[in-house]
Every structure is written in C-alpha cells, then in structure tokens.
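Heads up, the next two complexes both have chain A, just with different partners, chain B and then chain C.
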Partner chain A sequence: MNGMLDAGRTLVTESGDKITVERLFGSGGQGEVYRVRTPHGPQALKWYYPQLADTRQRRILESLIDRKWNDDRFLWPQAIVIDPHSSRPGFGYLMDVRPSRFHDLPALFRRDKAVSATTLRTLVTVALHTVEAYRTLHSKGIAYRDINWGNIFFDPKTGDVLVCDNDNAVVEGETTQVAGTMDFMAPELVRGDQGARPGIQTDLHALAVLLFLLLMNHHPFEGALALRIRCMDEAAKRRLYGTHPVFIYDPDDTSNRPDPGEQTTVIATWSVLPKILRDLFTETFTAGLWTPSRRVRETQWRDALSKVLDAITVCGSCGKQNLAEPGGPPPDCWHCGHRVKLPVRLRITVRRGSLSTARDITLAPQARVYAHHLVDDPDRHDFTAVVGEVTEHAQQRGRFGLTNRTDGAWTMRRPDGSAQEVPPGRTVGLKPGLLLELGGGVEAVFFD
Partner chain B sequence: MPWELLEGSVTGVGKTHSQDSCAARPAADGGALVLAVADGHGAAAHFRSDLGARWAVEEFTQSAEVFAREAVRLGSDVSKWPILRAHVRSLPQQFVHRWRERALLHESNAPSDGATSARSLKELEKRLPVYGSTLVGAVVTARLLACWQLGDGDIVLLDDTGAAQAPLSTGPDIGDETDSICQREAWRAVRTHWLPFTGRPPRGVLLSTDGLSKSFAERSGFLQFAEEVGAMVAEQGAAHVRSRLTGWLEQAARHSGDDTTLVGAFAAPVPPAPPATTTPTSPATWED
Partner chain C sequence: MSEIPGGRMASRPLHFIWLLDCSGSMSINGKIGELNFAIREAIPEMQQAARDNPAASLVVRAITFASGADWHIAEPTPVEQFTWDDVHTYGGTDMGAAFRLAAAELRTPPMPERALRPVLAVVSDGQPTDDWRSGLREIDATPWGKRAVRVAIAIGDDADRSMLKEFLGNPELEPILAKNPKQLVAAIRWASTVAVKNASTPTVEGDKHPTSPLSSTDQDEDVW
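Moving on, here comes the complex of A and B:
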C-alpha cells in the first residue's frame, strides 16, 4: 500500500547524500517508515505526516543528531532528509534498519511463535536493559516523553533491547507539547494539571507501565473497572488513566482487581512475581500516581531486577525457570507446582575503600557470573562479558561446578585453609564453604 | 462516504444452516464504514457456533462504532493519530469481553448440556467452546483504515492500482487449528493493522471467511480473485457485482465445502466507465 512517498522517489540529506525510496515499512502515529537506499547502504527513513513536520520537530531532530549518539541500544536519528523536488514542506530522518532479531512487544502478548524462545530469564533481562537504556538517556538530561510498547523491541534469545522512535526526546526543561498516549501518560498529564509538563518525572511513570506490561503482560490500570466501561471513548480513558486511576493490585482499593475469568494471565504472573518487584510496582502505582517524587527511579528498578535475575532458579521436577525472592525461601514451581529446591548460591563481595557490596547469585544450571557482578555500581549490565559459568560434569551427570571463563587464574581456598589455583577453563565444584578469589580484591563464597 | 458496499454469504454444501455471520454498514453518521465477518467453528463440539459468530459480529460492530466515531472526530488532526492507534490496540479487549458476557448469559439461561441446576461461573466458562468463532473486522473512514483479525479468515486490501495485499496474513494454514473468540484471553490473539491514508487510499477492502480462500488451490488465485472483483466493481459497478456475488460464493462453497462469506467496501468510481466484458476468474478455475 502506498504512503506519502512513492517507490523510486529521490530525496537528499542535509549533507547532500542522495537517497532513494524503496518501499514502505509501516505507518506509525507520527509518520511513515520507509526502507531507503543510501550511499552507505540500506537504511530506514521516518517521514513525518505533513502537519507534524514543523519547525519545532525539526529543531528537536537537529539537537538529537548533533549529539551523534553511538549507543547500540538506540536507533538514533542520523541525518535530516528533505525532498528537493517537492513544493510542499516536509522532512524526515535517517536511522539504521532494525535487525530482524528484534521483535515488538505485541508479539510477546500474542505469544507469537517468533518470540517463543523467550524465557523468564530473557524477559527479566529485557526489563533490565530497558531500564538501563532510559537511565542512560535521563542521566544525560534527556526526557524521552513517549515511552510506550511500540518503541521497544527485544531479542527473545538474548534479552537485548532496541529503543526506536527517539525523535520525541528533548532536553529536560525545554518547553514542549505533550507526547504519547493516555495509557502511558502520567495522570497529571492526562488530567492536564496546571504546570504539568512531560519530562523525566513523567517518563518514570511510563517506564513503570512498560515494565508492568513486559513482566505481567497486562496494563496496570486495566482491571475490572476497565471491563465495565461500555464505551471506551476519550472521556472514559481520561477517567481510567487520569482522574481515577486505580492500580489493579492497590492494597487499599480492591475495586479494580483483575477479572478472574478474563484476565487470568496477570493474576498468574503477579502471584509469582518476587515481592521486591511487587513492592516497587505498588509504590509507583499508588503513592507515585499522586506524588511524582515517589515514583520508582531507574536505579531502584535496576537493582531490584538485577537481584531477581540472579535469583532465577530451575525446577528440578519439570525443568522450568522460576522467579524467586532474592534471599528468600524456595518458590513453588509455577508450572508443575512442586517446591523448587534451591541450588548452592554464590555470594560475591566487592570492596571499594571502606565500603563493601555483597550480591548473591543462584547457581542454577547454566547460570553465569558476569563482569558486572564484580563491580559495586555497574554502569551497564553486559551479558556477553562472562566471568564464570555453571557447567555439568562430563562424566558424572547431575554434578555441577563453576567454570572459570576468564583469561586469568582464580584462587580457591578451602575451609581448612588450603588453597588451589583454578586456571582458565577449569571448574570448581559447588561446595558450600569454598572461597574463591576472583581478582581485583573480589571474593566469592559458595553457600546453601 | 463515497464507498460501495458488498455483502454475501452462502451455506456450505450439505449443511443445514450456516455458521458464518457478517455485517457491512455505515457508522459515525455516514463518516465511516464498519465491516465484519465471523466463522463459527461448526464441528460437533461447537454446535452453537452460529450464535457465537453472530454475537462476534454484533459485539465487534458495537465496539467498532465507538472507534469509528472517534476516528471521524479526531481523524483530521494528525496529532491525534497516536490516540486512535492506541484505541485500535485496545479494542479487542472490549469486543471479546462483550462477546464473553453475552455467551455466558446465554449459557446460563439456556444450558447447552441440558443442565437444570444452577452452575458456577467456572462451569459456565467451560461451555464457551460450544459458541466458538473467529472474527475479522475493519473500520474505514476518509482518513484511515483499521483492521482486526482473530483466527483464520482473510482481509485483502486493493491498492490504487488494484493490486491485492493481505496485511494480516500469517502464511499458509496448517490443519484446522485456529484462534477463537472462546479461548482464554482471546483478545491477546487479535492481530491489528493500522493504515492512515497519506498517499492514494486503497481502492477496496475485502473481508472473507476461510471458506473462500480455501476454495483456491493457490493463495495467489485467491488474491487474483480479489483483484478481479475490485476491477469489476470499478468497470461495471457494484450493483452488477452484487447480482453475481452469491453465484461466486456458491461455487467457492462447493469446492471448500465450507460456509463462505464475503463483505467488501470499494471506493466509488468517479467517472462512469463503459461496461466491460471480463468476468472474475471463478474459484473453480484455480481449484481444478
């Protein structure tokens, strides 16, 4: 189906590169995305609907492009494109083509086969990467302003994320129009409160909605009250998301609980969500609705998600991954109902000056220790930087150990005081009480 | 709205009654069209699926009319398109909820298993497959098109050259398994398509139950049929096509053995064209 630009149309970037339109990828809320041919290879072009291609949007784009951001988690605007042959005003921008390994969230909600590789571990990883991506933006003073489920794409195998549609991002404090849709907007924006402006504080609300959708596969305000609405028009949405938002698991208001017949997924996912995350969602969707300063910040999400990720365990009866409360009791398997036996855990202690930080990793089969475990405040969780990996003994099935995946030797110290070197590629049995020196002053102890 | 509507449905060969249902009608005071087809599953396990299909069309239509009014009200303001797009995504929860309420009420009042004592909600829910159906729907305004699909069936768009595209097609069907409005959280399985008319708007939109596409040996034959129907509407007028539609659907139903339903909306041709002598290739030609 054709859009604003016909195939074969020639456009130019502001630096003079000629680009040729190949085909329409799809239509969005603000414009259309095309596959184009450029001197540097195939790229994607977002072309704005004419009414939205105004000087304000162009100024935002120029500011973003000037930043020359080179972060692989974002499809960042690279160059403004204009049509030299058209008398009508209009423009768009070039960005990289989204690699096919990334899928959208609706595919997850529909349980598409394309995302069937998704596991609990990759899902929590996606949430963690999402938080870190927005934290990076916010730490540079940039508000995204339009966080929603259409802007995040994920790799079901690795949990990597790709943030698209970054062209609404502006420097915090800049006067801008409200962007986004009501279901992700902070209530004060939906209500149109005096002085309420989209910014980092309202991004935090949208981020929490996105995380809830990702982990719970449901919108946090769409419970029984939403199902009772017969005519879901603008006024009804304003009430649901702005004037009378009620978190479906508000501890003090049960009026909007999920319908047990129609909203079964969220009932199931909430029941197995570790308390550390349930508490954050409850805080941000109750107190944080009315007091923006009480919204959960990215670092809180990051720390909680990281702990939950490290506490994921595997059911010995059915082999399914299970979420567990970090440092808490063993869960009952969400799949087969059996009590999951917690495996040996590793407590890593990182010391910096007089401060020490400890974190626990559940050493389930295939669990890994990463470089980010060895620093007290990681800037980013990099799941390619593997330091150690739980492996099964080649001859003795059911016997597991931690294999050194670094280039340097570890030192193992037994409770009796004896020590032994663990060279790269060698494995240490998971015996409670054993201490490992991982280098850089980092120590780790196995414990039950 | 300068659109012509088509609507036709035939019962499968050897069947006592059709389990398909459909609607094609103006909405938003004539500013929009709502189209829908539903295919009740029909097997013994779904012996009330004719009711389920009818309710699916009716409840979709009611929810879609709300969207249509919003689309007409806000559609000329491009800055409101994200709101409309979000509405497209949330619509499935509404019509699936309404269908479910209606099916549960009916099952409670007229138990499909002949039960005479009151039953719990859980027991009633277990009977919902009796009413199982697919649903394919669309809303067309002067500014945009939105489509929804739950389970099998087809949506075909004809671009301004008359070429056919199936935006929600998921590839060849494998077996008879399909998503259904009776399944748990069926709204999750609804696929959506959103198309603002920024270039030349489509010439036509066709929705059909799978009885039609299955009557063709090849998918390309089905798409060619859609293109030829569109061409015939453009050349000979919708009234002429309406007069022949039932015959084509009967021919398709003979080949697929299934109930066969088609609704469509076609941009009314501006200049009257002289009658042409071509006819669409019948489904049988591709089947043979």
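Moving on, here comes the complex of A and C:
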C-alpha cells in the first residue's frame, strides 16, 4: 500500500528532528496518516493532501502545538513536519500512536466481536469521558468543530476515550476548512443560515448526536420520515437534519417515530434509557434545535451520566447490567424481562462550609466508590482512583460488602451509636442504617 | 454482543459499480496489469472505508467494456468478501454499452426501495467507439443513476477527458488524470474510498470540493 510518501523517506520537524517514514496507516478526507520513526520513538504523522496544506491550516496547527496540550485523552498535534528535499509545498504534524486497546466507534455500532467486552457500565463511562473531554476543550475556548463517530476511540474494557483528529480544533471564532459531517451538524449549519458558524454551540449539537448514537445505536432524526426517503443523499439529509428536523421521540410531534418493523434497535434502547437522559435528549433535540442556547451543556450531560453510572444495577436472574433511573423504581431487565431487585444503596454526603452535596451509588456487585464521589464538583471522573468496591464474602456466597480500598481506616457507626474501625482491605456488610466516615468530613450511609 | 441492549445499527446499501476500459490499447505497456494491481491495492482501503461508515453496507460490482460490455462481477458483493479476478483486454472502447448495462441495474427493482447514492466509477484510457451519449442518457433516466456519485479516472493523455467530464455531469468536477502506475494506484484508491465516504456520510459541499491526493499540476517524469 503506498501513498504520497514512500517508506524510508526522511522528513524533518521544525525543530530539526529527523523523521523516517515507515508505512501508511490509512487515509482520510484531509490527508494520510503514516507510522514514522523519530528520535523519541515511533509516532504517527498526518500528511495533508497538497491542496489542503495551506497557510491557514499551518497557522491553526502552530497555535494548537503552542498550547503544548498535555492531556492523555487527546492525541494532540505535537510538531509540524516538512519535507526538506521537496520543492513542492507540503507539511504534516506528529502525534502519538493510538494504543491498540482503543477501538473505533463504528465497531461498536456494528456490534463487532472485537468490542464485545463493552458493558452498559463501560458504555456510559465512554459517554461520560467523551463529554468531559469536550468540556475541557470548550472551557479553554476551543471549538472542535467536527465531532463525529470517526474521531473518538474507546477502550471497551474500561470506557476510556481518546479524541483524535484535533487539527481542526480552533479558538472560538476562527475559521477552518471543515464544514462538518452532515449527520452531526447543527441545523443552522446544515441550512447554511446567514451568520451561522461552527463553534462551541454547534459542537453541543454534534456532541448530543454522538451521545445518542453511542447509547441508542441510532441517529436521533432517523424515524418514519427517513424511511420515506428512497435515496439518502445530501438533499435528503439537508431536509432531515436541517430544514425539517424532527426528533424521533419529540413529545409534541409524533410524525417521525421509529418504525416498529424496521427500526427495532432504537425502540429497544430508548425503552430502557433512564428518564434523566431521555429528558436531556428531548430538550436538546426539540427546543435546542431552534435555539442554540437551549442545547444541553456538557456539565448537564456529565452530571446526569454520572448519576446514571452510579445507578447501574445487575439483574439477579440473568446477571446482565441494567440502567435504572437514579432514585427511581427498579427496572425490568432488558435481557430476560424479570423485575430487577434493587440492592442496598450508599448515600455519600460531602460538606463544604454550610453547603452539602449528596450522591447515591447503587451497590450492585462490582460497583465502586471513586475519589470523584468524595468531592462536590469533580474536575474529571477518574475511574482508576478506587476508594471502595462491592465484593462478595469469601465464605458466604451471596453476602456482599463494601471493601475499603484506601490507605486509611474508615469509621463505621451503627444506629445504636457503637462504632468500629474498617482498616484498608477490610469490608463492611451492606446493612441499611450503617454510617461510614470516609475521612475529610465525607459521610456515607447505607439505605434501602 | 449480548452485554448491551439493541442490535447493530441500521444501515442502507451502498452500491459501487466499476466501469473498466478493457480495450486493446489498455494492453499497451501493461496498463491493464497496472489497473488490476491498483484495484487489488485499493480493496483493503475500500473495506476500511466501509468499516468507518456503519450506516452503509457497501456492495461492489464491476463491468468491463471493449467490444461490447460484460459484467465482470455481476453479483453485488459485500466489500468484506470482495476479491479481484484480473480483467483482460479484448477490442474496442464500447463505453456506451457499459453505461446501458449499468443503467439496467439502476432502476427499482433491481435496486432496493431504499439505499444510499450509488457510486459509478469509470476508468478509461481512450475514446469511446460506440454511442456513449445514448448510454449515458439511459443512466441519467434512471432514478438511481441520476443521483449516483460519479468518479472518472483518465489513464494517460489519450483518454477522452471532455467525454469523462460529461459523464461526471458537474462543471466543477474534473476527471482524475493518472499518468503512471503510482498515480493510478492513488487515483483508484481515492475513487474507492472518498467516493464511498461522500455517498455514505456527505458533508455540506463535500461533493463540490472532492479532495484528491493528486494535484492537477503534478509534473512527474515517470511517463508510460
């Protein structure tokens, strides 16, 4: 397989490092990606097609590189690369190689075997990490402008994400050459409204479409109206996504409901989606379609997804994970149909001055308490910082407790006032009414 | 995948049809061999382009034209199972016959009720020897043919580029000129990936500014 650059070709970075082309990884709409050797080890090189290697793209890259972004959720451009032996203009940029544990979202959408380790817990975690990654970008005034299923990669075992193709991200207000993928574009951009430009507000629409695809495995505007279209071309998409977008579950407009014979996936996935998320999708895909300021923001998604993650429970009959409405009634299992019995929950209360924040965690088998549960406004959900974990008693099958995974002892208090220490590695039985002091003024109570 | 609810994402078929020039002139300097090589080279990337678009189910067919036209691969073949048997040269350049063959398949039925835009990719090194205009009109008269994403690759300077431009049917589009084996590989790869991408996930104005890896002013010494 050969591309614009032959294997063995030597290039240089702007700082003078020598780069050797090894092989072509793949090609996209803007250029080709190669595996290259550098003085700092193997890296990936994106090399632009000649027509796109212009001064504007180069200026955008330089400003991204100057930010020296050091965040393991992004494959950020690191250095501009040029060809010193060629008279033709051309350039590319270096980034890290995507580790093999990360898979593409299309594999998930096709339900490929390669990503069959994905559970509801990792799926919601992917959504949460995606939201937080874009929140981080947006909080720094950077718009991504081409959020789509091709630039997020995920680890099916952990739910970690990696955001790629960051070379179109720009400071809000600047222009780039990417118009966006129609399926993800905000209606005002699809229509080409005067003054509409890709930016943070349109990213919020694209993000919501991506989350819907991720959780529902279906596009939010492809219902009965889409099935009436024979040829799904640009004109059809312009209508479905731009001039006449109707959310398939719009409460006031049922014209685009999914077809029960042909669109069974979304009917199945929507039916088990907790109301807290249904409400956000409905808001962003009805009012938010026409009024960009009503689009659901990353912080709203983050808080809702975090609660949904903490409310995941396990079916006692078939063992499958189930989503449940946080604080709501037990769901019927999506897999076997049995009513899921809700296990004991833990209410964690974080106090700061006179303010207090409470968070509920459903203590299903393997549920975990994380460091982010113990602060009132976590900057980022870090699922490696485990504080406690639901485990089964070594001798008594079916008896579960919360194991202390920290370095320090917890204090457990019974309703009668008696207390007992829970040293690291030890476990407290999940008994409603027991109170745990987790340190730093953080308290937790088991409840039914 | 049984740990999460819902089956695979719904998809629409994307029909891709190669229309390949197998006229006698394609045998000069091994051009036909280069074409066979280029298509084989492009298969893995075509499969990757299909994998990148879960809402599309890519199926591929091929027509050859020389003295008359024939289906080289008549069955719409899922790209994951697509393999390439060499095409061989046999006479004139009856592109019109190839257009008529394609047009017959671009009606509903045999096309399904719902699909993505089909892709028609013509590769030629010469001047059509039959009534290609009438064949092209037949394609334009079918509901799927008139909506098809069209790609044209001109092999060498003798190809009829103005005719190929008419096939493209868009004044802003030009046939891709491939003057040597390397350019042909790049052109075939571009046709089989970018066209698939345009048909399955259109971008606004994506069709008007297709990004080709070959700049039209590319002066390469390596001439056939």
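Here is the rule we go by: the second predicted complex is superposed on the first by the 444 of 448 C-alpha atoms of A that agree within 3 Å, B and C clash if a C-alpha of one lies under 4 Å from a C-alpha of the other, contacts with A are read in each partner's own complex, and residues count from 1 in each chain.
Definition applied: contacts are C-beta pairs under 8 Å (C-beta built on N, C-alpha and C of every residue); 3 or more make two chains touch, one makes a residue touch a chain.
Treat the numbers as computed from the prediction; the structure is a model and nothing was measured.
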Subject >> Clash or fit (per the criteria above) of chain B with chain C on chain A >> reply: clash
**OP:** Applying the touch criterion given at the start, work out whether A:Asn404 contacts chain B, chain C, both or neither, answering first, second, both or neither.
**Re:** neither
**OP:** For A:Glu222, select first, second, both or neither according to whether it touches chain B, chain C, the two together, or no partner.
**Re:** both
Subject >> Partner chain(s) touched by A:Trp334 [first = chain B, second = chain C, both, neither] >> reply: second
**OP:** For A:Thr38, select first, second, both or neither according to whether it touches chain B, chain C, the two together, or no partner.
**Re:** neither
Subject >> Which partner, chain B or chain C, touches more chain A residues >> reply: C
**OP:** Mind working out whether A:Gly261 is in touch with chain B, chain C, both or neither, as first, second, both or neither?
**Re:** first
Original post:
Who does A:Leu123 touch here: chain B (first), chain C (second), both, or neither?
Top reply: second
Original post:
Which of the two partners, first being chain B and second being chain C, lies in contact with A:Met185: first, second, both, or neither?
Top reply: second
Original post:
Now for A:Glu234: first (chain B), second (chain C), both, or neither, which partner does it touch?
Top reply: both
Original post:
Should A:Ser306 be classified as contacting the first partner (chain B), the second (chain C), both, or neither?
Top reply: neither
Original post:
Which of 3-11, 39-47 or 111-119 in chain B clashes with chain C after superposition?
Top reply: 3-11
Original post:
Following superposition on chain A, which residues of chain A contact chain B and also contact chain C?
Top reply: 1-4, 27, 29-30, 32, 49-52, 106, 109-111, 180-183, 217, 222, 227, 229, 231-234, 262-265
Original post:
Which residues of chain B touch chain A in their complex?
Top reply: 63, 66, 69-70, 77-79, 81-83, 85-87, 89-91, 93-94, 96-97, 100, 121, 125, 157, 159-160, 165, 167, 184-185, 188-192, 194-196, 198-200, 202
**OP:** Name, in rising order, each residue of chain A that touches chain B in their complex.
**Re:** 1-6, 27-30, 32, 49-52, 106, 109-111, 177, 180-183, 217, 222, 226-227, 229, 231-234, 261-265
Original post:
In their shared complex, at which residues does chain A touch chain C?
Top reply: 1-4, 26-27, 29-30, 32, 49-52, 104, 106-107, 109-113, 115-120, 123, 148-150, 178-183, 185, 189-190, 192, 213, 216-219, 222, 227, 229-234, 237, 262-266, 268-269, 272, 320-321, 334-335
Original post:
Which positions of chain C touch chain A when the two form their complex?
Top reply: 1-10, 12, 41, 44-45, 48, 51-55, 108, 113-117, 143-144, 147, 182, 185-186, 189, 193-194, 197, 201-207, 211-213, 215
